[in-house]
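Here the chain labels run A, B, C and D in written order, and each chain numbers its own residues starting at 1.
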C-alpha cells in the first residue's frame, strides 16, 4: 500500500543544521478576563491578562479573539479587535468593542475570571515619529479604540495630540476622558448635533493646520473623514496614516481574504490589511 | 425555472377536512435544572423542572437529553437517560447518570438555574401487573436508575420488592436508601467483596423463589445477571421484563440505528430499543 | 398579512414546502409533531425483498452531523400496503413513497405496484447500487440515471420524484438526464459518503466501514448542488441536506428549491419541521413577501463578479 | 520511548508527517510557529501569469468550517524565484511548490522551470479548470488527470505530488490515473465546492457565488476519500481536509495517509501544526507505537461486515 516506496530515502532536510534561535512574536493564549463591561449603549470594554509577547503590542496593532459561542450560533473564525490599551507592567491588554453579530454577542457573555483565547499582537501599527510636536487624530466609532493607545504613545514622546471624535450621538462618544487623561485635546462632533459632516470637520482641520497643530494626521473609522484628510494632506503636504478594516480569516497574511485596493505609484495594488496594515500611508488608501 | 409547472394544481391534500384533535405526548422542552450533584465517585443526580407531558413519564421510560458542549467537544446527538424519578405534583423529573464521554461531561457542567433541553417521555416502560405480590428487581450500574421508579410504582400497587444491587465496590452502590424508602428490601453484591458473580446471585434468587418472593423478575444493566434470570424464569415459569440499552439517535423509532436481536417465536428478529422497548419480555431478550 | 405557504411540485400542491427526508420519519414522530401540519409525508425507502439492514454500529456522530449506515431494513411490499399505507391515509398531507431496487426493472415493477390510491407520488431513491452495471449507484452517472428513470416513467402515472446522490461529480448532467427521462421533480440530495475511525480500536466507527454524512455539516455543499441543479433543469428541485432552521430552508428556496426535506434535524429537535414552517411564515411576513413561492430561485447573482475558480472545481 | 516521527513520501523523507495545506501558509506564520519543526513547507499555488484573485468577499464562515473563493492571486514566477524561494532556503524542512496552469502544457513548462535546487517537490494543483476541454477541472476525470500528469512527469525530475479534487465521483479512478501517469504521491483533497446565501441581501455570500468548503465539517468526507485512494494506489497519499487535532491526523494516517496537510485549522489556532505533531508523538508513546509510520493504513477492516449500502453510493 501507501508505504511501498519508503525503503530508501533522499534526505531532503538537512537535519544536521543547528537549531535556529527562534522565539514567537505572535501567541494565541488563554488569558484571564479581568473586566468585560458596557461603557455605553453600544460599546463594551474588555481587559484581559496576557503574557509578555502579547504585552509588547503597540498602537495600531490588533488581536484576533476566539469568541465563545452564543446559544445557537457558532462563530468559526476569530474576530479582529484593535488594541485599545496595553500595560506591559501589569501584563494586560484592553479592547473596546461593539456587539454586532455572533462573535461579539459571544464576547459579551464572558465574565471576569473566565478565560479568553487572544492571538496577537498582529499587523503593522502606527509609525510615530518622536520628532513630531503636534499631531491630529481623527476617529469615528470603533476607530477611537484604535487611536487611544496612539494618544498615550504620543504623550510619552512629548508629542501633543488634538483628537477629533465623531459619533452618531453625544452619548455614544467613548474614550473622551481617556484621551484627555493622555493629555490630548478632544473636539467632539456628532450627527445628532449636525457637527460631524465633512465640511465642518474640514473647517476644524484647516484651523488646526493654520495653528501649526497638524504636523501629521492619524485616522481610523470613517472613510468620509479620511477623504477630507487626504485632500488636506495633499494640499499642505502633511504626512498621514490610516488604520483600515477588512473581513479577516487568518490575521497573519496567509489567506489573502482581507485584501483592499491601494493606490501606489500610479497603480492600484492589492494589500493584505492584516499583514501589510492595518495601518497604511494615508495617501495610498482608497475608501 | 423550477416553478414552470406550478400553474395548475392537483389538490392532493384534502384541506377541507376538519382539524384533528391532536395533542403531543412527547415534548422537547428547556426545563430548569434544580439539582445536579455527584452522589458518589461515578454517578450524578440531576433534577429538572418539566411540563405536564414529561411529568407523565413512567418507570422504564427514558428521556433524550440535549447535552451542553464541553470545551473542545461537540456532542451532536441527544443522550438517552432512564427516568430515575418523577413527581407529577411538583412537575419534576430525575436522572442518575455516569460521566462516560463528551455528552455526560457536558451534562456535569450544568448548574442549578441553568436550562436543559429534555425530550420525552420515550419508549415503552415496565408493565407492572397490580396483582403481583412479590417481585424481584435486579440491577447493576446505571440499571439501578431505571429500576428506582419501578420500586416506587410497585409500592403504590401494594407489591413488595426485593432488590438485588450489583456494583464494582460498595461505595459505588447508589439508591439503596431510595429503594428502602420505597419499602424495598435491598441485597447488595459487589465485585470487590466477591459477591456479585452469577453463581452467588443465582443462589440468592433461588432462595427468593423458594420463599415465594419472586413472582416476576425485573432487571436492567447486566447481561450476565439477565442470563441467570432467564434460566430461572424458564425453570420456574416466572415472568420477567428487562430494560435494554443501545446506542440511539432519534429515540422515536425513526432511524433504526438502535436495533437489537430478539428471539421471538423461534425466530431472531430486529427490534428498535427506543420504540419497541427499552423494556422487553425477559425471555425474548438476547445479550 | 397572511403568507401563502403553498408550493407546487410538478402538479402536486403542498400546503407548505416542508416535509421529512426519507429514512428519518416514521409513525413515532406523531407523538411530537402534528402530522397534519406537514407539507407532505415521505416514507423510509422500501424495497420489494425483505431486508434486515446493515451491521451495527449504524450511526456515529461528528461535529455538526452524523454518519449513518442504516441500510434499508424493509418489511416488504405486502406489509407496507397492509399497515403503512392505511396509517397515513388518516392525515391530510400527501404521501410520498420512497422506493429502491437493484435493477431498473425492479424499480419499475415496484413503482407500478405502488401506483394506487393513497399514494401521491413516488420518490425513487436511485442512490443505490445498480447491480446490472458495475455496482455504482444509478445516480452516479447520467446514462444509468436516464435508463432507470425512463423505465420508472413508463411504469407509473404518479408524479415521479427522483432522489439524486451528492457523491457524483456530474450532478447537473445527472439532473438533466432525469428530467429528460420524465422525472417530475428532483430531490437533491442523499447523504455524502463518509467515514470515521475509532482511535481506541483502530476499527471503522460504523459496522459497514463507510456511511452517509448528513446534518448541518453538509449544508453548504448540498445548497451548492441544489443551485446547480435548479439552473440545469426546468422541473422543481426539492432541497435536502442539513436543514435545521427556517433560515436554512429559506437559503435553499432562494437557491432554487421549490420545497425542502428535513432529516437529521428531527433527531435533535423532534419539532424541527413545524418550527421551520412557522419560521418561514414569519420571515415572509417581516419582509412583506406574500407567497413563499416568490422565494424560489430568488437569489440575486446577476451582478456577481465572474469567479476565478482556479483552484476550486468549477460548477460544471 | 522516543517515537520515530519520520515518514517517507515517494523517496522524500519528512522529519514528521505534518505540513501546511497550500494557500493557508505563508511567511507570516513564522511569528507563531517554529518553521524548523514542520514536516515540509507547501506554498500557495503559483501560476505563470500575474493574477489578482477573486472578487470580495472571499471568505464566509459556516458552522465547523469556511467557504473561500480566494482564487490564486499570483505575483508570477520571477517574483517567486527572487523572493519566496530564497526565503524558505533558510529553514530545514523541504519546500514543496504548488503550481497551477490552465493547460497541460502550461503545467509542464511551469514544472520544468521550477525544477531547480531548493525545491524538493512539485505539488500539481489540478483542481483548476482545464480550458482546453470543457472547463472542467483536470482532476474531475481520470482521462484529463492522466494527460496532465503525464506531461508533468516528462517535464520534471522532482518528486511529483498531484492534488486531487473531492468534487469528482470517480476519485479512485482519478487516483489510479495519476499513479499510472507517474505521480509520486497524491494529495487528497482540495476544498469541496459549496455555497452560502445572505438572507439580508438575497445575494451569494461570496463575491464569486460559489467557493470551496474546508475545515472540520469536511473531515468525514475527505477521510473516506483518502481511505478509498489509499486502497486504490500504491503511491503514498497525503491526507488534507479538516484536520485540527492530533486525533484527526491519526485518523487520516490509519485510513492510509502517509502524511497530512493542515489548512483552515491554522486560521483558528496558529500553532495547530506543532500542537498536532506533539500530540501524534504522545499518542504513539502512550500506545507503545515506535514509529508513526506504523500507523499508516493500520485501520482494521478485515472483520468488518459487508455493507448493505443500498441507499448510499458505494465506494466505487
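FYI, a residue touches a chain if its C-beta (ideal position, glycine included) is under 8 Å from a C-beta of that chain, and two chains touch if they have at least 3 such contacts.
These numbers were taken from a predicted model, which means no experiment stands behind them.
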{"item": "Target chain C, source chain A, minimum contact steps", "value": "2"}
{"item": "Those chains which touch chain B and also touch chain A", "value": "none"}
{"item": "Gap in Å, rounded to a whole number, between the CA centres of chain D and chain B", "value": "47"}
{"item": "Euclidean distance of C-alpha centroids - chain C vs chain D, Å", "value": "31"}
{"item": "Residue list for chain C, restricted to those that touch at least two other chains", "value": "23, 53, 62-65"}
{"item": "Chain contact topology (line, ring, star, complete or other)", "value": "line"}
{"item": "Touching chain combinations (by label order)", "value": "A-D, B-C, C-D"}
{"item": "Complex interface listing, chain C residues touching chain B", "value": "7-8, 10-15, 23-29, 31-36, 44, 52-53, 56-59, 61-66, 68, 70, 73, 91-94, 120, 184, 215, 230-231, 233-237, 256-258, 266-271, 293, 296-297"}
{"item": "Residues of chain B touching chain C in the complex", "value": "1-6, 8-15, 17, 19-20, 22, 24-28, 66, 74-78, 119, 247, 249-257, 259, 270, 275"}
{"item": "Chain D to chain C touching residues, read off their complex", "value": "23, 45, 47, 51, 53-55, 62-65, 67, 69, 71-72, 100, 125, 127-129, 134-137, 139-141, 165, 167-170, 190-197, 199, 201-204, 207-213, 216-221, 223-224, 227, 247, 250-251, 254-255, 283, 298-301, 304-316"}
